[in-house]
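A single structure is presented below for examination.
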Amino acid sequence: MTTLERYSAEYLDRIADSLYSSVLSDILDEAGHRHQVMRPEVRPLYPGAKMAGRAATMLAVAVSELPEQPYRLLMDLLDGVRPGEVVVGAVQGGVKAALWGELLSTHTRALGGRGAVLDGLSRDAWGIEDMRFPVFATGVTPADSRGRLEVIAIRQPILVSGVAVADGDLVLADEDGVVVVPASLEDEVVGRAIEKVAGETTIRDLLRQGTSIRKVFDEHGIL
Amino acid sequence: MTTLERYSAEYLDRIADSLYSSVLSDILDEAGHRHQVMRPEVRPLYPGAKMAGRAATMLAVAVSELPEQPYRLLMDLLDGVRPGEVVVGAVQGGVKAALWGELLSTHTRALGGRGAVLDGLSRDAWGIEDMRFPVFATGVTPADSRGRLEVIAIRQPILVSGVAVADGDLVLADEDGVVVVPASLEDEVVGRAIEKVAGETTIRDLLRQGTSIRKVFDEHGIL
Amino acid sequence: MTTLERYSAEYLDRIADSLYSSVLSDILDEAGHRHQVMRPEVRPLYPGAKMAGRAATMLAVAVSELPEQPYRLLMDLLDGVRPGEVVVGAVQGGVKAALWGELLSTHTRALGGRGAVLDGLSRDAWGIEDMRFPVFATGVTPADSRGRLEVIAIRQPILVSGVAVADGDLVLADEDGVVVVPASLEDEVVGRAIEKVAGETTIRDLLRQGTSIRKVFDEHGIL
Amino acid sequence: MTTLERYSAEYLDRIADSLYSSVLSDILDEAGHRHQVMRPEVRPLYPGAKMAGRAATMLAVAVSELPEQPYRLLMDLLDGVRPGEVVVGAVQGGVKAALWGELLSTHTRALGGRGAVLDGLSRDAWGIEDMRFPVFATGVTPADSRGRLEVIAIRQPILVSGVAVADGDLVLADEDGVVVVPASLEDEVVGRAIEKVAGETTIRDLLRQGTSIRKVFDEHGIL
Amino acid sequence: MTTLERYSAEYLDRIADSLYSSVLSDILDEAGHRHQVMRPEVRPLYPGAKMAGRAATMLAVAVSELPEQPYRLLMDLLDGVRPGEVVVGAVQGGVKAALWGELLSTHTRALGGRGAVLDGLSRDAWGIEDMRFPVFATGVTPADSRGRLEVIAIRQPILVSGVAVADGDLVLADEDGVVVVPASLEDEVVGRAIEKVAGETTIRDLLRQGTSIRKVFDEHGIL
Amino acid sequence: MTTLERYSAEYLDRIADSLYSSVLSDILDEAGHRHQVMRPEVRPLYPGAKMAGRAATMLAVAVSELPEQPYRLLMDLLDGVRPGEVVVGAVQGGVKAALWGELLSTHTRALGGRGAVLDGLSRDAWGIEDMRFPVFATGVTPADSRGRLEVIAIRQPILVSGVAVADGDLVLADEDGVVVVPASLEDEVVGRAIEKVAGETTIRDLLRQGTSIRKVFDEHGIL
C-alpha cells in the first residue's frame, strides 16, 4: 500500500467499519506486541464514538506562566494536520486543564482530521458531541490550557497512556478504548484481524445455541 | 422458599422489578449488615442496566504467562452456569485486562444466566449493550485476559470490591451500584424492602407538596 | 442588581441558557481567579444536566455512629432552601456513602431549588434522572449516609473539590464540570462572558472554512 | 480499675513496655473486633517511637479562609489535656497542611500528654524527634494549618484512618502502626494480650531450632 | 554452575557483597529485559537491608473467612524452604493485613532462607530489624493475615509488583529496591555486572576531580 | 545583596544553619504566597538531609526510545552548574525510572552544587547517603532513566511538585520538606524569618512551663 492509500478516507473508513479495538488487540497480542492498548482511563467523550486514523503526535507539559509565544507548536501541528490524521496528545504532569476543545475539533475536521486521543483532559464536551467529532480523553474540565499547559514537541515518538506512539501509526478507538498499531506491523495485523472477525460470528452462533464453551474453545481456540 | 424457587426467573424478576439497590442497602444497614455494597467503581456498562440473580463466584489473579490449561476453571464455571445465576468475579491484582466480554455474555445468557459483576474490567462494551446483557465492571479495555489473568477458584466465598460474596447469595445491581444479600438474611430483607418501597411513595408525595423535611423525617423516620 | 434579582429564575435561566462553564472559566482566568473550577471528578448524574444557581453550602464529615439528633443541620439547610439556590456540599473523609438522593431532590425542587453539587456521592441515580434534577457528584452508591456522614456546618464558606465556595456565590454546572463565580465578581464576569460567546461564533465559522488556526489566534486572541 | 488508674503513668507505661500493636490486634481479631487498626499510612515520625495513652479526640476540616476565632476548639482541647492522654486527630479533606508540630508537642508534654496520632500531616519533624515525643502521622510538610484547617469538634467519637475512636479509648502505637482498644473491652483484651506475649517466646525458641512451622501451628495455634 | 552452587551461601554472598540492584538493572536493560525492577513501593523494613537469594514464590489473595485448613500452602512453602532461598510473595487485592512477620522470619532463617520480598504488608517491624532479617514490603501493619489473606499457589511463576518471577530466579534487593534476574540470563548478567562495577570506580574518580560529565559520557558511555 | 553574594557559600550556609522550611513557609503564607511548599511526597533520601541553594531547573519527560543525542540537555545543565546551585527537576509522566543518582551527585558536588530536588525518583540511595549529598525525591528505584526519561528544557520556569520554580529562586529543604522562595521576595522573607525564629524560643520556654496555649497564642500570635 502507498503512503497515500494509508491516509485515504476509503482505507481508514473500511478499518473503522469492519474492525474494532479488541480484535486488533488480540492480533497484536498473538504477535507478541502486548503493550499496544491505552489504559482504561482514556474514554470516548460521547457514547458510540469510534474512529480510525493515523497518529499526529504532540507532547504538552505543565507550565507555570504564559510562554512568550503561547501555543506555537500546537498551532504548527494543527495547521499542518493532513487528511486521515488523528491528533494524539500526551499531557504530562497532573495539571487539571483541557488541552483540547470544540474550536480545535472544528479546525481539525476542516482539514480532514478524524479525531483526537489524549492522555489528559478536553473541554466543550457538549459541542464536540454535537458535531460528532470522536475525542478520547481522561475526562473533561472547563479550565483552559492557557498558562497551564504548553506543547513542547510535535511529530515525535511519545508515550501516551502507557503506549509508545510514533507519528503515522494506525490508531483505532471505540467504546472499549484505544489501540495503536505500529506502521511496520499494520498490513499483517489488519489482514489477520479481518479474518478473525469472520470467525467470531460462527462462534457467537454456536454459543447462542448453548454449545459448551469448552467445546468451542477446544475447536476454535477463541474465547 | 425452596432452592428451586430462589433460582426461578419469576422470583428474581419480581425482585428486579419491585426493588432497587438503595432500598436493599437500607434494610441491610438497619439489620447491622453495613458492608454489603460494592465500591462506587463497579458501574453498569450501559445506562439502565439492572438485574437480580444468584452469585456464581470466581476469583481471577494476574499471571505472567499462559498456563498449561488456560481458562480451565473459567470454563468449568461457565459450562455449569444455572438459570438464575449471575457470574460474580473478583479480579485481583492491578492488571489492566478484560476478564469478561461479549462471547462469555452470549454463552451465559444461553444457559439462563442473568448478568455479570466484576471487580475488574470487561471488553466488547458495544456488543454487550446491543444484547442488553447487564454487566457491571470497573471499566473496559480492548486487552484480552489471555496470559494476563487466570481464574484460580470458583464457587468459593470471595471478596469482591469490598463485599464478601458466597456462591448462591442474592445480588441486585442497578444504576446506583451493586448490593449483595447473604442467603441467610434474604427472606427477611426482601420482605422488609418491599414494605419500605411502599412507604417511600407517600413520602415522595408529601415532599413534592413542599412539606417540611424535618416533619417528614420525624413522622416517618425516612430521609 | 438587587439580591432579589440575583435569585430570580429569569436571571438564572438566562445565565444557564446563554453561558457555559468553559467561557466563565476563561473570563475568571483572565481576571486572575484561576482556581474557580472543581476537579474533573465532579460529574453530572445524567447526560445533558446543566444549571445555574446560588450556592447554599454545607459540610458533611464521616461519623462512626448515629448522632443524638441525626440530620439536624442538613434538615435546617434543606427546610430553608430559597428559590434560585443550589445545594453545594463538601463531603469530607473517604466514606463511601451517599449524602444526596431522590427524596432530597424532590424536596429541594419543591422549594424552588435548582440542583445540587457534591464533592461526594449521591444515590437514586435513576429517580434523579427521571425528574431531570441536575445533580453533580463524584459518583453514586446505594449506601445511605445514616450513621456514616453528618452535616456539621451550613451556609459557611467551604472548600468543595478544590474551590472556595461562599454561600450565595454563583454556580454554573454543565457537561464540562462546575465553575464558581464569587458574588463580588459576578456582574463583570457575566457581562464579559456574554461578549465572549458572541465572538466564538465568528471564530467557529472561520475555522470551519479551514482558516489557519494561527491566523485566527493572532487576530482574535482566542483558541 | 478506677478511671484514675486507667490514666496513670504506671498503668500506661506497663502497657507500652510489655505489649505491642500486633498482639493487641490479634486479641481484638479473636474477639470479633476486626477494624481496630489504622491504615498503614499512619507512621511514626521517627524510628522507635512507641506509646500507650487514652484518646483525646479532635476533628479538623479544610477551610478556605481564617475563621473569626482561629484555633478556638484546638486550644480548648489542648489546654484541657490530662495526664495520660494522646491527642488523636482526624484531618478530613485532602488539604496538605500540618495540624501538628513541635510547639503543640511541647505544650502537650508539659501537661502530661503522651503523644499524638493524626490521620493527616505534622511538621517540625526534627524538633519532635529531638524531644522524643511520639507523633504518628501520614507525613510531614512545612505548611502551617493557619487558614487551611480548623478543628470543628473535640472529644466526640470520630473516624480516624478507618477506625472509630471514642474519647478515652486506649491507643497503642509503635513501629507497626496504631491500634485502638475500645474502653469497654480493655480489661479483657489487655489481660489476654499479656498471656499471648508469654506464649510467643516459647514459639520463637522452637522456630529458631528449626521446628516445622506446621507442627508449631498445630500445637500452639499461633503463626 | 551447578544448581547446588547457585543456592550456595558463598555464591549468593559474593553477589550481595559485590553487586547492587542498579547495576543489575542496567545490564538487564542493555540486554532488552526492561521490566525486571519492582515498583518503588516495595521498600526495606530497616535501613541498610540488603540480600541476594533465589525466589521461592507464593501468591496470597484476599479471603472473607477462615478457610478449613488455614495457612496450608503457606506452611508447605515455609517448611520446604531451602538454604539460599528468598520467599517472594504477591499479595493480591487491597486487603490491609500482614502476610509476613517475625515468627515467619525466625523460621525461614533457621532453614537457611535469606529474606522475604512482598508486594504487600509485613508486621513486627521492630523484631525483624532486631534480627536483621532482610524483609522488603510495601508497608507494615499490626493486622494479621488470619481470615484476611490466604496463600493459594506456591512455587508457580507469579507477577510481583510488576515483575514476572519464577521459582528459582535470582533476586537482589537493597536500599534502591528489588531486581529479579531470570535464571536463564543469570550467568551473563552477573558477569557483565561485575565488569561494570569496576568501570564505575574510574568514572567516580574522574567526576570527583571535576571532569566534564559530557566528556565522561562520551568516553565511557556511562552516566 | 549582589548576585555573587546570593550564590556564596557563606550566605547559603547561614540560611541553612539558622532557618528551616516551616518558618520560611509561615512568612511566605503571611505575605500571601501560599503555594510555595512542595507536596509531602518529596522526601530526603536520608535522615537529617538539609540544604539551601539556588535553583538550577530542568524538566524531564517520558520517552519510549533512546533519543539521537541522549542526555544532551541534562549534560548541558550539569556541566554548567555553578557553586551555590541546587538542581531542581520536574519529572513528568508516571515512568518509574531514576533521573538522579550517585554519579550525578558526585559531579554536581565537584562543581560546587549543594543538592538536588526532584519531583520523581533517584537511585544509588546508599552511595548518596555515604557522601551526605542532600537529595530530595519521591522515592528510589534501581531502574535507570536511559531510554525512559529525557530532559527537554533547562533553566526555564517549571512546576515542581505543585510549586512554580524559576531558575535562581532560593530553595530550602529539610526533614519537613521543600520550600521555594521567589528571588524577588527573598530579602524580606529571610529577614522576617530570622526574627520569627528568635520569637519561637521564648514561646517554647513558656509552653514547656505549662503556660496555657491560648494565653501564648493571644499574646504572641504564634502556635
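Each chain carries a letter (A, B, C, D, E and F) given by its place in the written order, and its residues are counted from 1.
By definition in this document, a residue touches a chain if its C-beta (ideal position, glycine included) is under 8 Å from a C-beta of that chain, and two chains touch if they have at least 3 such contacts.
Please read these numbers as outputs of a predicted model, since none were measured by experiment.
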- prompt: Out of C-D, A-F or B-C, which pair touches the same way E-F does, with over half the contact pairs the same?
  reply: B-C
Field: Rounded Å distance between chain C and chain F, as computed from the means of their C-alpha atoms
entry: 38
Whole-Å gap separating chain A and chain B, where each centre is the average of the chain's CA atoms: 32
Contacts with two or more other chains, residues of chain F listed in rising order: none
- line: Here the pairs of chains that touch are A-B, A-C, A-F, B-C, B-E, C-D, D-E, D-F, E-F
Interface residues, chain E side, partner chain F - complex: 20-22, 24-26, 29, 34, 37, 39-41, 48, 174-179, 200, 203-204, 207-210, 212-214, 216-217, 222-223
Task: Spell out the residues on chain C that touch chain B in their complex, using ranges where they run on.
output: 71, 75, 78-79, 96, 98, 101-104, 106-107, 110-111, 121, 123-126, 129, 138-144, 146-147
- prompt: For chain F, which residues are in contact with chain A within the complex?
  reply: 59, 61-65, 90, 92-93, 95, 152-153, 157-159, 164-165
